[in-house]
């Protein structure tokens, strides 16, 4: 138990540090949201607008960085993430809650599927070492080296277009109102297929490789040989002895991958114009929308931490050796 | 020792890329930025990879772009490796607050998503030369390696030969530098290669979304222009494919080198499981047909 | 059924903008709101008068104000408010609402995005009077275009600047039906002070980027939009040549290469004039602006035509800039420059070079500069294109830390906005001092400043004309900016389901769906036979 | 002569294939009788484990069995060659007839499974009709057989001490009442006290259950005490085989002699210790003739020319040494 | 290299004491930051022993009884929890933090340690030359002619000719050769005390003897005092002058080796000796010896730590820690059975 407590303390500390960095990084950078907005509009907005925007965004007051920091922390504790500049005056929490479900839905699900598929395939490939399965390795190496945004673009070029089943962008059919009916769900799935496939293709190979390596390593452990010696059916040896143990080191990798759902697959969202957090993050960077940036970073940070915490718990469950009696 | 075919292939490919990085801009048939009247032409004997909407030669752009990619990869790799070695080994060898502090630091860096951070920092630096991009990538991507190195150092620290060196009266810094560090070369090398791969992909990603070195070309810039001119929608596949393949090949070569290192570190990965038509199996040792002896 | 392709049988018009997912915010004052970004605020809220930026000489069309009169010196505006207009909640629109709207802008500088200095506002009966501290000749459009909001709703908001207006009440012919981050639907009111439009429902879809928008236009899923398509023939018009149309008329605002007029040797007007002579505006238009986006400007005065045709001083009428390398060389030699082989050397003997800066992601500007760089090479000027990130670039312009850069000017109903952006000495700040808001080139010329001042405050037309001609003369002489392109009031539209769009033949409004004229356009649309 | 149960004939085991193969076991003949304990001794690297795993086909890659036969006598009198069985048949035979206790119990038990699961696994795989309850009962019974309280049944391996883990392995080996148990250095990592406890348990069980044991160790004094017969291996070959007492008292092969002279005795008068000079040969570069001759204090001229074969020598003992030429029968 | 192992000098033990441990105690705290109760592995508790010039002292005991910990404490690789270490009568122990600096170096010069595992105690990335050169350099014994110093060292451990070994890497040497290099490294400091932690347990039977003989040879030639740690009590009989038996972190018996092995006094020593393999004893007839598990060192049994397994356990054993009872000739046992004899 104290192990978990210790982890918890560590997580709190990390969360605080990350929040602090989140606060300072955007403020270190030059440029401000007003200039960014004017620049983005390229003449669509007059140069007079500058003054009114500073007033509007509340940037006309001179507040010290420290007092901003503490009021930010205070806001955070009250669960208030502030107002987005790009979508002024919408609260950041609203903006994020628009994007988050899509990201979690698309990238989250595909990350999990990728992990499961890759791990399963890796287990088989590692187990069947010395057969045709080995020839899969160079292929997966190559595939995993392709930047996924490129893969996505090629997929869009090749597979989408007028009359194609695959939409090139968006999360659901234009004009549908999000709700839980079949038409909407179907449309969501349809829109998720291509980006999901892209993520899958490029993430699956990584899992295959790492699982295979672990499988090879574990297969030559004595207890696997003992399992063979016990005359157990091959499936059982492979699953309960080799794969079960080979899985362990991948758990923390999986946690990290879960955490990087938002940050890591930002490009997929950009390429497929998928209305998730990654796209919002990208736009927020361009618009110098600090509150939104901070909010998204906070979400990412917390989800990484949460994923790690879950991994710790999963590890406790999966590996009895870590369950040290204190 | 049997040469490792995979690693060898990787090294050869890598050498070719490095070579191109050095001489690429010189052997490029055209100035990569030079406009011509051959607008958006498919590959031909004149323009091997075709041309852009401004009539620029894509082959030359890819060739010239190799340098920036390799440079950023190498510099970021070195920076991240040096940092991870400093932080990782120190945190692993020391104990107490210093160690906890350093490992907390690397954990914070692990938790903050690297790519978005890199995007934010680079897109806000006044100047985005290759060097600054490389530095930003390097400074933000050392944490994972540091964690691996710390774990390794923790296990090395209790090794008998480290204790023996201490019992022999060696000073702490000598123990770190001469007893522990050399045993981590493989791990460090693998971390280096991994970071280079990450840096290359990051740089290209950055360039693709419009953050890149002003002066020059890299594969990401080629892709950026292709994308902003909607090359694929116009059917200009040649604008996209070469740069993408170049990235994939460079990535593959790095992964192959890493395989080699992995196999070096973990001998169990090295054993070949299929030789001369005999399949080696765990649990069922193959029996060769009886030879008359 | 595919809702994107619903024909005019259902009376639906599909509008698209490449602006990414939206959050529900209908506040018409805020540029960040979905209603501004997609443009549907124009159909919910109505202006006092409708101004056609494409044909600036046309009189503003009375809308909510049936009559508007400026005092002699443009210090006071008297408005007569139309009777019989009702809000969508049934309440009548009165002069009080109009006065309240102006009060709102006066009290909330954050909402007063145009920075109009409102002073005393009063109303009686259907009359509204607004006073200003100085002449508003150049701001007429901004004031007349002002949309009106209902006092009975807005006076309940504690802070109008942070109001997201979930239930907008307006006087326009439509009301908000539904909002999703991707699509906003407006449906027609049953009562309107004019004849009800034929379009029964408007769907505003926010596509995530230009590519998606282009796709939607190509397939007909979007029938009206404003977006940049690099190769519009291939990607758009060829998909349905009969119906897929685009019209990008120039308005009175320009883009061009701004020189830092304080940087040597470019402080020499002769050098700038010569440089102007070699810039290939056709290449810029065809390659950089995809042959349509920012229309070509080739009058020597930098005035976009035909929009500004009538303002051009007689001596410059029809004086077009065409690439003239020999002429430029000759002019340079006469001005004391020398050629060392192909290299141009300044009066001090140093080679003439220049750095052209541009944000790295702006592909059209980058392309423009690549072309200019090549053009400059023809007269021995070694130019380098320096890509910066947008922030650095903004800062460089703001502090005058650049050689030359592509940038834009303000736009308006007169040439004042263009020339004031470029040459107003009142905006001048020394190099290194930020906060210029125009005159990025640090151009100093008291004659120009005076002419601008005269124009803005002149009591009558003749003084204004004289000032304008003076400004043109100074501009042509000093050439602080090589104007290459005009800002546009354009858009893409499809005639498959709806006809009656503005066009080259019928220039009744700019066709951009986010401008106030969108309401005028929608009212004019008829189902295609 | 007692019943034979397992016969190894001319077994060759290599690591790797082709010319670089390491020939770790060369032409080994060995016979195991019902109910006996056969000790297998020799220096580290002499091929003891390779032999044990090779004959059961459990050698991990790159090991290959290069030739020979391993004949197992089934209860019904028929024989099978383990090296030529189909996988499925071999699986069925394994553990039910021949069980193995590996060197180092820590590594032999799956660290993430409870020992109950690992014990019941084997019961489930080999007795199809059993119920979970019956399996659990049997698992408890097995644990008590080796002296572990049955409340430890649901422990994880790391919760048990080294000695307990080794006993769990022994219990597991005995689960199906096999005819043959092969034990590879089952006690090397343990303390003498624990070692003796375990061996005592084992001897007791053998009396009761009547299985045969192949006991591998490099501790000759241990073998002398516990086994019926001892085979000494050197460089992949069996160089001497004899009844324990005989071998202990009068080793014939100089290597066996050297081995015995390497252990100080705790009891009795102090013995002269001489050890064996030199070090074992590199299996890739075997000396010509007798592999031991470079280290042999009594080497003859013939030793570096001809390989001695293991056979019955004059006094009716098997030894491969030119000092004790094969008795021509 | 057939050297007969001569019987160790028995009789009076009166030579000069070089290194002395007094009440050595080492607790390893178990990190549990949020639990208020501080737990610790009480690995070594109150161990006292003396190392004499030119003598070998064997430290035997079962696995985990704290032998290595004692050695490491003596080498000052761990800080002490309590107790004293006296070198020539002078307390040198460091209580907090790791020992380092000049004083520690001076101590290293006089007290050197050889590790259990020759495969692990040489750094695989360095040559033999590097290892030995460092050892010589640190302690200023480099001499004018490095090559000669190195050759001398290797000759001392019977690795000749020296140049055949100097430029090899550890993995190119056999276990025995490696252990010799480890010894040579220790000798490079010209120490007075060698702490040999199971120097032969990882070595093959046939190589062990050579290393042990070498150590004894060194003891005789250089008058080293050697702490020989092993759990093989038979080798202690042959090699050591004096034997000390540990059980669960405490010394339970000590004295002349021959006495301790032939007439063990403490029930644990008796169990140990009975358990050692004995070829002359038929396997079957067994009297039921001690059973049970070694005690937990986190919560060791009160009183005598052996009492739960002791066949002679008395009430007093369960409550009181037995002191050392002298049995004559320097032989002592910490067991209540000898209370009367002592009295």
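Worth a mention:
A, B, C, D and E label the chains in the order they appear, each numbered from 1.
Just so we're on the same page, a contact is a pair of C-beta atoms (placed from the backbone, for glycine too) under 8 Å apart; a residue touches a chain by one contact, two chains touch by 3 or more.
Going by UniProt, the chains are A, B = Peptide ABC transporter permease; D, E = Dipeptide/oligopeptide/nickel ABC transporter ATP-binding protein.
Keep in mind it's a predicted model, so treat the numbers as computed, not measured.
Chain centres computed from CA atoms place C at the largest separation from chain D. The greater number of contacting C-beta pairs, out of the two interfaces A-B and D-E, is seen for A-B. Annotation: 90 Å between the Cα-based centres of chain C and chain E.
Computed from the mean C-alpha positions, the centre of chain A lies at a distance of 39 Å from the centre of chain C.
Mean C-alpha positions place chain B and chain C at a centre distance of 46 Å. In chain C, the residues touching two or more other chains are 211, 215, 391-392, 395. Touching of two or more other chains is recorded for residues 123-126, 209, 233, 272-273, 280-284 of chain B. Contact with two or more other chains is made by residues 29-31, 130, 220, 225, 227-229, 286 of chain A.
Here chain B touches chain A in the complex through residues 6, 104, 107-108, 110-117, 119-121, 123-126, 197, 201, 204-205, 208-209, 223, 227, 232-233, 237, 240-241, 244, 247-252, 254-256, 259, 262, 266, 268-269, 272-274, 279-284, going by the rule given at the top.
Listing the residues of chain A that touch chain C in their complex gives 29-31, 35-43, 45-53, 55-57, 83-90, 94-95, 98-99, 162, 168-178, 273-275, 279-280, 283, 286, 288.
Contact residues of chain B toward chain E in the complex are 159-172, 178-179, 182-183, 185.
Chain B contributes residues 33, 35, 39, 53-54, 122-128, 209-212, 214-215, 224-225, 228-230, 233-235 to its touches with chain C in the complex. Looking at the complex, you find that chain B touches chain D at residues 271-273, 275-276, 278, 280-288, 290-291, 293.
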